[in-house]
């Protein structure tokens, strides 16, 4: 199958500053969910913002690569054409549903905003109602203000607004991180259902490997602005090949195992002080001299000099 | 809590304040140097029988609390005393001037609010030199006394260029009728309203800019853009709406500034309103008129604050 | 922060040294009435009574700064005291003080000051007191809020355990922590007070024996057509002084919270 969203050697950098995303490539297939995992600060959100063409600070910009949506390179498009794709072709759901909803607007107004942004102004109440129904919210929710909704309901409103115009791609940036475990399951179930019903390609960003296991077909592991390993989910869980992936998996609590979860020492290096060579080498238990000097290329789904070791 | 019950509660809160203002007024009369009757009447040779009547009416032979009660009674029946300087009851005098002041302050307020919000949004949205210019202009304008600005405007546009009249609200020969009269009225209004509006405008532009900068950085604005909302829609639907409660608070809670400014501006431009009346009554030591104006202005401020709180609440339902 | 501060110090110096820079009574008239600036030795011209504008401006700065600084200092003192007592004590004392503060904040400052001075008669001391009485609540509110928050702080508990009496804790440990925001308010208070004093002068309620900027503008009003300089220079002086104090307040605020604005 061909990819709806094809990210090719994407670079994102702060103007006159550090590189935040350093040449990553991802393909999202229609009807499938691609997981993107990695520790905090590895550049997952920046990748998502690059696809949308929006960055939280004006100094951050795409400095190289291509982002193709159904074959068209988005980076060559003028700003207004980019805007018209947002919401219509690419939907986005964010991490913290409370801060991403305007406190002074009702839930319904948020959903209506998606329609209005694309010139649709008729039959608004019934459109809003239909969008709410898809995320299992009652029609009465339309008149509620964000502070009158629970965390899970807020996230459903954001999802309803993101899916209102039937986009081809949905980017979900840690959609359940800020929610209770019990609420998480419901949100993920809505995402799964909508993705398969509409042939939606989903890029699901998360820290949670459990979420990946349940929702994704393929998964990419990101570390310090680069992809270190990419594989089919079951294979990655069965036989992780990059030491970082192995560490990530080992740090998850496994109920069938007595040993305490493994805590990886250290943290993601800051963007302005990236190590040379393989960026994981200062934390890697298998490090050799080559790792310190030369970055390993992505070969056969893994970027590691010691992958066969 | 519903808006209605909030409004009622807020109203109950305003009543003691209004009462306290009236008591303060009474204290000013009582504490004024000399005979309280002089304070009530002013430095005017009043007929002896009026003085006697006042003494009895206000019970000046009675202890203070009783006098206070009588004073409040008079106020409750809208009796603000008699102005000997103008030979008419103060309430009549004030009522005749109210329209002119409302016209002036209303215009200034509208101009300041519209331009201030527009400039604040522009500065926040465009940033760079526009932002710096607006902030610089606001800081400068806010330091300018209204009455001096009024004189400068007269120097430039009335005396220098001769474009606009410098005194009064209408020509001495009487206003023209219909459209011509309206345009003429505007010509008289332009300079005093500008002088009065500027400091307020600066204040509004500042708060609007500060809030808009904050809102433009908010997550929900990013989310709106991610839905495809254009910059215009973001500005109107999110930034303006979220800035509005703070802007309205600043506008409402500075009503005193506007009223003080109007007293000064009216004096500079010979505008026949309450402010000019205050100036004249001070010059003529016409105490009843002065105190009535103080009472009115204080009451207006209390009411402006009340309206502000209710409006704030209407715009932002989260407030507990 | 530097340039406004420097300018303020210059201004203060001029005000203090005024009697030595231009000796004599600035209010004594002469035959040289309504001379334009730069004519016959009068740099800024003369007014309708032939008085030198520069001399009046220079001496007028004494009144403006005196009223501004003294009333702000009084308001600061009362505000800090009331706010500290209310914030530290809490309970009914707090409620009472805040109610009073609210009442004073509601009063229209300028109009009330006008009327009080009109009734009580002009005088610099009265003006200072009236302005201070109207200005303290804002300081009190800020101090109260900050102290209320600090009361539970760890270092306060530590001082208490060490046996320090409450008033000493407030004085030595708590007040220094809130000096910043209070200073900002004080600077802005000076600016407001100077504007207010000028307004009183413009309404003819200044001390008739002292030169003041507001009174100069009052006089200028009748001579706008004949002598623009009578309005221009006193207005500039007021605007500039107020601007400098506002800038000082902004600078302190920015220094305290560099992210802001």
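Per-chain residue numbering starts at 1, and chain names A, B and C are given in the order in which the chains are listed.
The rule is short, and it goes like this: a residue touches a chain if its C-beta (ideal position, glycine included) is under 8 Å from a C-beta of that chain, and two chains touch if they have at least 3 such contacts.
Note that the structure is a prediction, hence the values are computed from the model and not measured.
The greatest centre-to-centre gap from chain B, using C-alpha centroids, is found for A. In this view the innermost chain, defined by its CA centroid being closest to the centroid of all protein CA atoms, is B.
Centroids built from CA atoms put chain C at 22 Å from chain B. Centre-to-centre spacing of chain A and chain C amounts to 56 Å, using the average Cα coordinate of each chain. Per-chain CA centroids place chain A at a distance of 54 Å from chain B. Note for the complex: chain B touches chain A at residues 218-220, 222-230, 233, 237-238, 241-242, 315-318. Those residues of chain B whose C-beta lies close enough to touch chain C in the complex are 17, 20-21, 24, 28, 32-33, 39, 139-140, 142-145, 147-149, 151-152, 154-155, 159, 166, 210, 256, 259-260, 263-264, 267-268, 278-279, 282-283, 285, 287, 290-291, 293-294, 297-298, 300-302, 305.
Looking at the complex, you find that chain A touches chain B at residues 52, 54, 56, 83-88, 91-92, 94, 96, 99-105, 109-110, 113-114, 116-118, 145, 147, 158, 161-162.
Taken together, the chain C residues at the contact with chain B in this complex read 102-103, 106-112, 114-116, 118-121, 191, 195, 198-199, 202-205, 217, 220-221, 224-225, 228, 231-232, 234-235, 238-240, 242-243, 246-247, 250, 261.
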